[in-house]
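Read from first to last, the chains carry the letters A, B and C; within each, the first residue is number 1.
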Amino acid sequence: MQLDRALAEDAAYHVNLDVFEGPLDLLLHLIRSQELDIYDIPIARITDQYLQYLARMEELNIALAAEFVVMASTLIFIKSKMLLPAEPRGQEEDGEWEDPRAELVEQLLEHEKFKNAAQMLFSRETVELSVWGRGENEFEQEEKEMVSATVFDVIKAFHLMVERFKEQIVLEVESETVTVEQKLGELRRMLTVQREFRFSIFFEKRISRLHLIVTLIALLELVRLREVRLHQVGLFEDIRIAAC
Amino acid sequence: MLNPELPSQLLAVLFASPEPVTLAELGEVFPGLEDGELEKALDQLRSDFNRQVQALEIRKVAGGFRITTRPEYHDVVRAYLKTRPSAKLSLPALETLAVIAYKQPVTLPEIMDIRGIKSTSTIRTLLEKKLIETRGRKKVVGRPIMYGTTREFLVHFGLEDLSELPTLEEFQEILAETE
Amino acid sequence: MLNPELPSQLLAVLFASPEPVTLAELGEVFPGLEDGELEKALDQLRSDFNRQVQALEIRKVAGGFRITTRPEYHDVVRAYLKTRPSAKLSLPALETLAVIAYKQPVTLPEIMDIRGIKSTSTIRTLLEKKLIETRGRKKVVGRPIMYGTTREFLVHFGLEDLSELPTLEEFQEILAETE
């Protein structure tokens, strides 16, 4: 999306709405597109432009990440500090005035380096995408579909399983008949999702009497199998069920 | 006149193709050629390539043309393929491994309960790959064998110890991102 | 004396492998060679092959060797495979990747500090594409997970190794301002 309207009256520049990945991106754009000296940022002007951009986004109902708001307050803070006269530093001999913008400038310069590095990766990728390795035969492609597993694959597999039984748990509460074995499986799955839970959730779940009784039997079985521990934090506290 | 680039272009296509390439397919990629030009370029490519490159050859097989290693070199190729470790896991094996990694020590019935599926064969695969090991028996009825991950598992996944495995809570945000 | 067959044998192996083959892997396939013999044979193979075969080249990538088509032939190959230019990484993903490549091993909060914005969805994409991987935990309070780039990262960007990346200082914008 392109905004064809200048955001600020004092400079005829245009802001391309879709390119700002974060507040640092926006600030760098404001500074570089107006050819401002990054080591001497006119903070009042930049703050105004920054806030106008945020206001414009709000008008257009475009949700901005929370980081944009945090940066707005940082800018306002720096601006107010700039207005104060430099604090006298009697004791310090080399008492140099500390520029309130210094930290931000450093952050911007660091960020800019990585933006440029990203451009380098982009052009390398473009070249690399124009070459091909030997065409892989069916057997190799099949092999490729197997996971040459990383830590991420392991946790993802675990995550997907957990998501799967979150759905199952809801379903099983509804069923009419129930066995201790079913409940054992259900409890084990719950303990996988959460290492510990409160005893009272069985009452909150509004399950039938039959389910409740079978659940209790299964729970005692797990205690006997030493898969769970029951403990109570205080006298009238809820009993907690924890995986061993 | 034969386009002098044509043989090389044909080679690039043969190399990148996963299957033998037919004349008809090549005709589509290089339209507007004169009759016989493609065949001529292919002939030239074959004779040049097969003369210059000892280890490979362009062969006409049932479906079309393809590059293969020459039979004399099959032994070295086989020797190489044998050295390649197959660290690859099927999805069920990965799932079982995940249960064991996060719930260890854990017994087969427990794994089955969590996965909702019989897991005997994947356990065997993981034992063979030395990613898991037995950890004695659980002191309950039936005394089922318990399983845990091995040192090999840590090495394979570049972990110093088990505490380096990310927890579900930590990865919640990353895993919740849908693409 | 250099085994005159060695360069061709190496070519057969490079051709057979779907991934870059490292010197160490080649050492396993050809045991008992003298010091430097393998490197010499590889050098000879590369110079002969790259001179004789116009459409292909042997390149050093990710600490190994692989054969690819040359970039000049991408039009014909694409026309044959009927692929569109493959999906490139988004700019945010490239930026996150740049931070990880230069600062590795690096934690999520550190990445966020540099980028000025939360990066969970790009992290997810990069993990899925196996361009980055977890690298244990940082020994600070909270023990956050660290990330680093993978071998696949090197292959994707055609890098021999990480040292081939320009230094970060080279990306400092030249100051246009008058002093």
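We take it that a residue touches a chain if its C-beta (ideal position, glycine included) is under 8 Å from a C-beta of that chain, and two chains touch if they have at least 3 such contacts.
Quick caveat, the model's predicted, so the values are computed rather than measured.
Novice: In terms of CA centroid distance, which chain is the most far removed from chain C?
Specialist: Chain A.
Novice: Where the centre of all protein Cα atoms falls, which chain's Cα centre is nearest to that point?
Specialist: Of the chains present, the most centrally placed is C.
Novice: State, to the nearest whole Å, the distance from the C-alpha centre of chain A to the C-alpha centre of chain C.
Specialist: 28
Novice: Where the centres are mean C-alpha positions, what is the separation of chain B from chain C, in Å?
Specialist: Whole-Å distance between the two chain centres: 18.
Novice: Measure off the straight-line distance from the CA centroid of chain A to the CA centroid of chain B, and report it in whole Å.
Specialist: 32
Novice: Touching at least two other chains at once: which residues of chain A meet that condition?
Specialist: In chain A, residues 132-134, 136, 150-151 touch at least two other chains, as defined above.
Novice: In chain C, what residues contact two or more other chains?
Specialist: As it turns out, chain C has residues touching two or more other chains at 15, 67, 69-70, 77, 81, 127-128, 133-134.
Novice: Which part of chain A faces chain B closely enough to touch in the complex?
Specialist: Touch list, chain A to chain B: 132-138, 141, 143, 146-151, 153-162, 164-165, 168, 184-185, 188-189, 192, 224-227.
Novice: Across the complex, what residues on chain B touch chain C?
Specialist: 8-9, 11-13, 15-17, 21, 25-26, 29-30, 49, 52-56, 67, 69-70, 73, 76-77, 79-81, 83-84, 158-160, 163-164, 166, 170, 173-175, 177, 179
Novice: List the residues on chain A that touch chain C in their complex, please.
Specialist: It is residues 21-25, 32, 35, 37-39, 65, 67, 71, 107, 109-122, 124-134, 136, 140, 144, 150-152 of chain A that touch chain C.
Novice: With touch defined as at the start, can you tell me which chain B residues reach chain A in the complex?
Specialist: 12, 15-19, 67, 87-91, 94-95, 97-99, 101-103, 110, 113-116, 138-140, 157-159, 165-166, 168, 171, 175
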